[in-house]
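Next come two complexes built around chain A: one with chain B, the other with chain C.
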Partner chain A sequence: MSVLSFFQWCAGSALGTAIRDSRWLFPVIEAVHLLGLALMGGLVLLVDMRLMGLSMPRKPVAALAREIQPWLIGTLAVMLTTGVMLYTSEAMKLYYNGAFWMKMAFLVSAIVYTFTVRRAVLAAAETRVRPVWVKLVALVSIALWAGVGIGGRAIGFY
Partner chain B sequence: MTSFFARIEASGIATTISQSVPLNGVLSGLHLVGLTLLVGSVLVSSLRLFGVVLPHEPVAEVTRAARRGIVLGLAISVASGLLLLSPRISRASANYIFQLKMLLLCAAAAFHFAIYRNAARGTGRTWLPPWVAGTLGLMLWSAVVLAGAAFILIE
Partner chain C sequence: MPLLSVFEWLAHTRASVAMTESIWAFPIVESIHVLSLCLFLGMTTILDLRLLSLVMRDLPVSEVATRLLPWTAAGFVLMVVSGALTFLNAPVRYYESLFFRIKMAALMLAGVNAWVFHAGIWRRVASWDRDAVAPFSARLAGGLSLVLWACIVVAGRMIAYRWFDKVK
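And then the complex of A and B:
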């Protein structure tokens, strides 16, 4: 199955058709998607600002990351679920949209980065990683998630 | 008011923005980043006021960065929003969803600076219980987002 035929299949799915045919489903799902993105941004910033030494200086980084992790995963699940729903309703339009592919590139990079590099640094930030690298890891994390948001908004301009 | 709006729409900045799709895209992206920073910070600090996120950490510690995020996010959103609005302020101001969004924005900002900020500092200098302040703050800013999303879709 080619990428194009996968997109065609998604566009013709019962879910995509139901969302397209409803007047209210798309805006409601989009609003939940946006709130999910906002919460994700807030959670990422909370931890990344701690990595940069700008918040909660007395809280150990690893302990903070452990407490935030379930929220991060839950919010990501909401974002991905609502994102897939929105995607199926306009899959063919998105196939030809450059901003959508940019957003997907940022999203995959952000998820992989969050659960590999950033996770490793969060576990070892105060012992084995030089402060300058810790700050860089936080800045890259913020930039990647900002890229996801900007890519999403840019979809409407293509 | 009509002539004031017409003057804004005829200004050099508004003309430049209306003629440039990339500039519109950048400003919209910035508007969303500001909104994400603002609402994300409100969500995190409200969840702490409810006692569900980092309940064992002092309120002021958890919300310190979030309070800065709210003010910075609001500044970015308002500045980019005014620029985005400048080429079409007459049409937008006649739209009832836009009027509702502005009303909610003013209410949310006023509530933040009058009540929510003190509750998030954890100083006890507010007449509302923290969880009520958190709920109201969250509802007001969520309503601003919903009205904004509805305005984009209807426009």
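And then the complex of A and C:
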């Protein structure tokens, strides 16, 4: 199955068709996607700013990261669920949308990075990792997720 | 002077004309407005969740609030400046939008909620800073803040849909 025929299959699915045929489903799902963005982005920023020594200095990095992890996974699940719904409703438009592909590249990179490099550094930040590397890890995290957000907003302007 | 003529006058200001005529200004300003949500609303939500004892229970409320405040304030400035510029892109269209009016009304309510919190229970924060459950009025302020800001985001997104505009 080629990528194009997969996109065509998604666009023709019952879910995609139902969202396209409704006047208010797309706006409502998109609004939930935005609310998820606010909290998920805030949680990423909170932990990355802690890594850079810019917030919550009295809470150890590993403890903060452990506490925020379920919230991060929960909001990411909301983002992915609403995102897939939005995607199926306009899959054919997105296939030809450069911003969508940029967003997907950033999204895959950000998720892989968050659950490998960043996760390892969060667990070890205060003991084994040199401060300059810790700050770099936080900055790369913010940059990758910002790429996802900018790509997402750019889909509508592309 | 009726409100509409204020908006019409705003539409003729140089800033408004510049926003409308530029190809790049609107997408850039609008993207900043959306992404600033993470900073402003993200931090606001985290404080609200702390007031509801759902995160960072091991830190006093005042500690969480004080550490988040500079970031929330920076996010607020970004939101207001980029929001004002987005508005200047088409003041009269926003005047006619029902969703824009709902957003402005909810914004005022969120402001009142924050003011009531700061002028009230926040003044006595030292006495409940480490309580397992914050006083009712503090939890109410946190809950109302979550609901009102959700309304503001949803209404803001819906401005793009001109379902109830008289002139389309």
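Points worth noting:
In this text, the second predicted complex is superposed on the first by the 158 of 158 C-alpha atoms of A that agree within 3 Å, B and C clash if a C-alpha of one lies under 4 Å from a C-alpha of the other, contacts with A are read in each partner's own complex, and residues count from 1 in each chain.
The working rule: contacts are C-beta pairs under 8 Å (C-beta built on N, C-alpha and C of every residue); 3 or more make two chains touch, one makes a residue touch a chain.
Remember, predicted model here, so these are calculated numbers, not experimental data.
When the two complexes are overlaid on chain A, chain B and chain C occupy overlapping space and clash.
In the superposition on chain A, A:L43 contacts both chain B and chain C. Look at A:M92: by the touch rule set out above, it reaches neither chain B nor chain C. Of the two partner chains, chain B and chain C are each touched by A:L34.
Applying the stated contact rule after C-alpha superposition, one finds that A:F157 touches each of chain B and chain C.
Look at A:L25: by the touch rule set out above, it reaches neither chain B nor chain C.
When the two structures are aligned on the shared chain, A:E67 is found in touch with chain B and with chain C.
In the superposed pair of complexes, A:A105 makes contact with neither chain B nor chain C. In the superposition on chain A, A:A146 contacts both chain B and chain C.
Contacts of chain A with chain B, set against its contacts with chain C after fitting on chain A, overlap at residues 27, 30-31, 34-35, 37-43, 45-46, 49, 55-56, 58-59, 64, 67-68, 71, 146, 149-150, 153-154, 157. The touching residues of chain A, when paired with chain B in their complex, are 26-27, 30-31, 34-35, 37-43, 45-46, 49-50, 54-56, 58-59, 64, 67-68, 71, 146, 149-150, 152-154, 156-157. By the touch criterion given at the top, residues 21, 24-25, 28-29, 31-33, 35-44, 47, 53-54, 57, 61-62, 64-66, 69, 142, 145-146, 149-150, 152-153 of chain B touch chain A in their complex.
The residues of chain A lying in touch with chain C in their complex are 27-28, 30-31, 34-35, 37-46, 49, 55-59, 63-64, 67-68, 71, 146, 149-150, 153-154, 157. Taken in their complex, chain C has these residues touching chain A: 27, 30-31, 34-35, 37-39, 41-43, 45-46, 55-56, 58-59, 63-64, 67-68, 71, 149-150, 153-154, 157-158, 160-161.
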